[in-house]
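Here it is, the structure, as structure tokens.
Think of it as A, B, C and D in the order they're written, each chain with its own count starting at 1.
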């Protein structure tokens, strides 16, 4: 067990980092803040498949606003019901960040192919969209069993790092993720897997058949930080402190406001806690 | 909720039927016996990926011995530690049953492609084996992102029927399968999903986050029979009455012995129970 | 009976379009489509499955995010809703941005699952509340997902209708064109014409979008409102007001 | 110290071959390979992961049967064991049958995961107790999995050794040939020659397979035997006898 700061130090500049979609309390907000504090640069974010919930979108947006990000591969970034992600939209329209637009099932398929170490996945759909026209890592091929039947081959994705927040770790370092199996797909595909956890229990999940079904085994996990509240402003019951996200959204509407917010909520908050 | 007999009536002659590997108590033995009693013919069995545990192997073997099977696609059929599957081996060497030899990850990949409704899956390995040479539903293609890099394309598998035994159903017809996720892959790929269950509970699995992680949702399941002991001679704690399997293996060494066994253990046993 | 609200008319139109479906999925933050889908479910006597994405309690997935797409690919999702920052007369939708991609002048959040679900879900309902020449354009700036496909492209799904705050269009897949089906109460054909930048077909007479009958209203304001309130409490209080107990 | 059993010699040889591995998988019904792997784990101070397939309690998979293969494909499984009804001098294995496929005169159970794991697991140990001209053949009748591959075929794994009741062979991938590495105590080079139908390389002098040292024996008969007994009770009682409490 370690701290978010130590996890952040394990993510080099330029790394590709896959992030969960944040429908449940899996967005690693505290770790993102530690990355900002350590001054990470040129990250290539991959959202699995989108960060378009208020908290996951805010996490991506603050990383972009802090200048940590060179590229985002995504099916969608927004603050969900609270509207657009201000720094993301600014950075994309200015060209400061390159966006590689995807569609959800293509990201899932490419990450699942990565987890299987197959060179590519195939997918129906997509053909005739501008998404397909813009990418050279998606190509249309023939179904070898039915010539003339077109299918899209998607190059596999193997991120350098998967990072997320999980509800529990046990004494052996297994993570309980429940129905949140996107975390498992991200972990299977990634070279390094870093997790913050809400709780650490002194048992072994495999001793309980019900818990065992929702486990990501320890041998996939590179390092764990026990960091309660690391997905805030999303709470562990999946409710969100929307006022905190609204405060971020308001501040982030201007570049100056965003920098103030980072100084206050990321840099000063940490100093105060120390 | 219905009975194994009713489930067996839902499986037409000639159907392709996918079976679980039986490492846990998931082999639908009672349903296989009901199929034998209804005189099923020309079934195309697909093992996911093998039936090579004592009970799952015995189940496949008795279906073959009873003349229900035309074809078996498999990575392995045996009685596990109790040795070869007698009727399977006889039927294959005589040509009475056609065997389509596979390898475990290829069956998984093809069934997972079926569950995703993609036309084919790709897999490394296999190239240069006689398995690959013997099959026209596996073809070697080029990785479109690296010409000269060969990969095997495997035609997707969508069985007509998935059948298995599960520990529990809830009042909404959701099945709890725990870590037995092969059942989920089989169900996702199949047109009809038939399950016997050990227990029926009057709750909803989704009300408990731990249980929810191990559920196959009701909307994949066509029909359920409440049939305690339907995976015997494997018990729900995954122990096996090996004497029962040994008795089968001994009888099945000869065609006559096998027919006696079927008369006694499949046909008469049912009449006695009625 | 109190005055019938626009939302109730639209939910009824949506439910009509979903009649007979087995499984409907509704995207995140789509309270009005969800209301329509839950009304259709109520009418089915609960037989219809409605999966609200992004809400663990209102969905039954146990195989992660891919499961929706896998099931849809197999024909297991009968209905879905899509929207667009721009929608054009050929049914193409744009969820990415305005201007020259990738450096759009206006950027939206992204294409989400549209480039797949539009191909494989038989009844996709396009839902765009704001009916204007800015949203209903002649040709989208970026095709997140095309309305129709060339022969040889696997396509078992696509748009069946477009619902706005003014009217309901039906989509003709063979001709890749919208046809005005009805205008909502309180609005006119001229309004629709003035605010639509694409060309569309017209019936000889343009009917009004039907009002929900008494039974439908009872369902909407009763069990449907109650269910909607557990998922979209703010929306529910806005639309159904005092009928909904505070959370 | 009591007499050293053949199984203990072989388990030690196996553990030596697995030294430094992170994750070993052992197939179903393989008690002796499992003993060797668990000895290697004991020597690693528990750092090595050993997954016994077909035994839910001795494995940690949570993504079903594909997970082993997925992990192996990524280089995450360092060692595995394969056998064969026939094994030939080029390292090809046959798990399918004798004679003209598909109508074999003798049929075995099938190829299981061999046609994949042989390609991607760096240290595959071939284990075949019966050392005879029937099992170690010149050329297999059916290639379940080839010992080596042509250039252009993705191959990060393959055989490193073949262990029988008589001896230990090392496999030379570049030359696709076995080389005799040692003969087990109580057996001779002539015995090996007489019972092997394929040609193999010989060192100038053929050493005896080393006996386990005292520390290794203590590990085997202590914690390893205890763990083996929970998975293979019959085998454990046979080999370790009274040391193992009845289940």
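Note that in this section contacts are C-beta pairs under 8 Å (C-beta built on N, C-alpha and C of every residue); 3 or more make two chains touch, one makes a residue touch a chain.
Everything numeric in this text was worked out from a predicted model, so none of it was measured.
Interface comparison, A-C versus B-C: the higher number of contacting C-beta pairs is recorded for A-C. A straight line joining the Cα centres of chain C and chain D is 59 Å long. Per-chain CA centroids place chain A at a distance of 28 Å from chain C. We define each chain's centre as the mean of its Cα atoms; on that basis chain A and chain B are separated by 37 Å.
The centroid of the Cα atoms in chain B and the matching centroid in chain C are 41 Å apart. Annotation for chain D: residues 61-63, 66, 69, 73, 120 touch two or more other chains. Residue numbers of chain B whose C-beta contacts span two or more other chains: 109, 116-118, 123-124, 149, 151, 179, 184, 212-214.
Arrangement of the chains shown, judged by which pairs touch: an irregular graph that fits none of the line, ring, star or complete shapes.
Going by the touch rule set out above, the chain pairs that meet are A-B, A-C, A-D, B-C, B-D. Put simply, chain B touches chain D in their complex at residues 21, 23-24, 48-50, 52-53, 74-78, 80-81, 84-85, 88-89, 92-95, 98-99, 101-106, 108-109, 112, 123-132, 134, 148-151, 179-182, 184-185, 238. By the touch criterion stated above, chain D contacts chain A in their complex at residues 22-23, 49, 57, 60-63, 66-67, 69-71, 73-76, 120.
Remark: chain C residues 28-29, 54-56, 61-66, 69, 73, 95-97, 101-120, 142-146, 149-150, 152-154 touch chain A in the complex. Chain B contributes residues 115-118, 174, 184, 188, 206, 212-219 to its touches with chain C in the complex. Within the complex formed with chain A, the chain B residues making contact are 109, 113, 116-124, 137, 139, 141, 143-146, 149, 151, 153, 155, 177-179, 208-214.
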